[in-house]
Amino acid sequence: MLLTLIEFLAVISAGVYGVLLARRLGMDFVGVFSVAFIISFGGGTLRDLFLDRTPLFWIAAPHYPIIIFFLAVVLSLIRYPARFFERLLPIPDALGLGLFSVVGTAYALETPDMSWFNAALFGVVTGTFGGVMGDVVCNRVPSLFRPSTPLYATASFLGSWTYILLTEFHVIESIAATLGLAVVVFTRLAAIKWDIRLPDLRYGTEEID
Amino acid sequence: MLLTLIEFLAVISAGVYGVLLARRLGMDFVGVFSVAFIISFGGGTLRDLFLDRTPLFWIAAPHYPIIIFFLAVVLSLIRYPARFFERLLPIPDALGLGLFSVVGTAYALETPDMSWFNAALFGVVTGTFGGVMGDVVCNRVPSLFRPSTPLYATASFLGSWTYILLTEFHVIESIAATLGLAVVVFTRLAAIKWDIRLPDLRYGTEEID
Amino acid sequence: MLLTLIEFLAVISAGVYGVLLARRLGMDFVGVFSVAFIISFGGGTLRDLFLDRTPLFWIAAPHYPIIIFFLAVVLSLIRYPARFFERLLPIPDALGLGLFSVVGTAYALETPDMSWFNAALFGVVTGTFGGVMGDVVCNRVPSLFRPSTPLYATASFLGSWTYILLTEFHVIESIAATLGLAVVVFTRLAAIKWDIRLPDLRYGTEEID
């Protein structure tokens, strides 16, 4: 029940980000819906393809694409959508990042031969690569890869490891998942509040070519 | 027979678009062939991966990649290819959009748990996402997502729904497919003729951030 | 044994390219690791998805993602990494291109219905499309597609065909693989030494639209 609510909020907030990004770039409804779809479902789709899970989760849960469609319709009718929504987004987005990280890690751990490190990567990919693909399709360097964003993949990575280590040490599944999710949400919101980012690794280009 | 001819024309016209785009951007033959390949086969490849169909259609129909290869060779030798071809393309391209939309929708409907809405999305992805991936790989915002193109994904969506609703109401398969294809072709060619586009959804950026 | 060493050097050199590219673009560690991962494993991942091979090779060989992680950490701590590494890279990179081309082709030939031409494409995709995806995610036109790079996909294509023809004429597998790899390495290094490139196929844009 609570999980369903978090998942619902997470899909909605990813969709809102997608609509705002696509509208800011001057796209039409095809672009708005496509970008919202890619940001909402891209990470989970990559996970399912990489783990050979079938059917894809948005085929198995067909109400989600329809929700994104109507979200895109409604948000396309609003004149100044950003003003209202950008304040509200960080909390559901952080919850969604936490949920998808834990779920992606858990699915990966069900696969034979899965190393802990790869399982953590699956958590991060599930939680964050929808946004990466949305940026790529909008012809932008992914904001996930740039030092301008407060810890995001890092929060997902820490929460995924929390979940992995707790389950490997036989902590009850639901407690491990809750703590993993909490680590993600706490890290992400703390990073936003105190503007914690990874350093820019650019090197002096005048030194080479 | 007629289907094979339409498919052939559709692959050729997608390939021609790819060659022209890559040459316009100053690529070499590797780029020209790759972009033509991606535009011709990208949508169907995504469909097959998402539906877990194996082998991929261009592995099962291995003459198509060879056709695109020789098309790319021939069109790379022509000095001013655009002048000759751009007039001819819209009709085979619209036919191909119609065919691939209907085929993609039909394959999707064979999958258990497939909602009508998702099946229509599979029609659109099959018909249009080769072009989206071609644009992405050429470092352009996909023209499919921008209001500068006359109805394209919209035509595919309408035709896919036509096919879905007719087959669900037990219309004979071949009639449903023909009508679905006709809706796509008519919508697309009408949109080109009367320059019908979806509106630009950009919002005033001076109002936010 | 020798194969394992070549594979190791190839993964390392692809990872180094990825780190240098991401740092040059001013990314943070998330970007550096992601780009290195995509360049190192992207081509093989596409091959595995297209051939429906499961688990993905970097899930079956889980030390590789960890190697790339520590490579990214170490290379992120060096102040001027390019000066030291760019001299060393072409030889391991050419070896890796050769190895991955031959391995990709060999895996493709195991698949039923695989045409020789498609098998050669699988060699090229395995050897080169990690770099293409790395460029795409960094918002650049893939250097593989541009005439500014000495023969790269072409070297892979020639070596893949060498391997295909030799195995089809019943040459012993290990000899066919060695000769295929040698053709790739020789072609690539000769192309670098004598600056051999494919021609720019741009046509006069003033002639059309």
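Here the chain labels run A, B and C in written order, and each chain numbers its own residues starting at 1.
In this text, a contact is a pair of C-beta atoms (placed from the backbone, for glycine too) under 8 Å apart; a residue touches a chain by one contact, two chains touch by 3 or more.
Note that the coordinates shown come from a computational prediction; the quantities given were computed from them, not determined experimentally.
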| item | value |
| --- | --- |
| Rotational angle, Cα trace of subunit B fitted to subunit C, multiple of 5° | 120 |
| Self-contact between copies subunit A and subunit B, residue sets same or different by half | different |
| Whole-Å gap between the CA centroids of subunit A and subunit B | 29 |
| Set of subunit A residues in contact with two or more other chains | 49, 52, 136, 139 |
| Complex contacts: residues of subunit B adjacent to subunit C | 22-32, 34-35, 45, 49, 52, 54-56, 58-60, 62, 65-66, 69, 76, 79-83, 86, 136-139 |
| Subunit A to subunit C touching residues, read off their complex | 49-50, 52, 111-115, 117-118, 121, 132, 136, 139-142, 144-147, 152-154, 197-205, 207-209 |
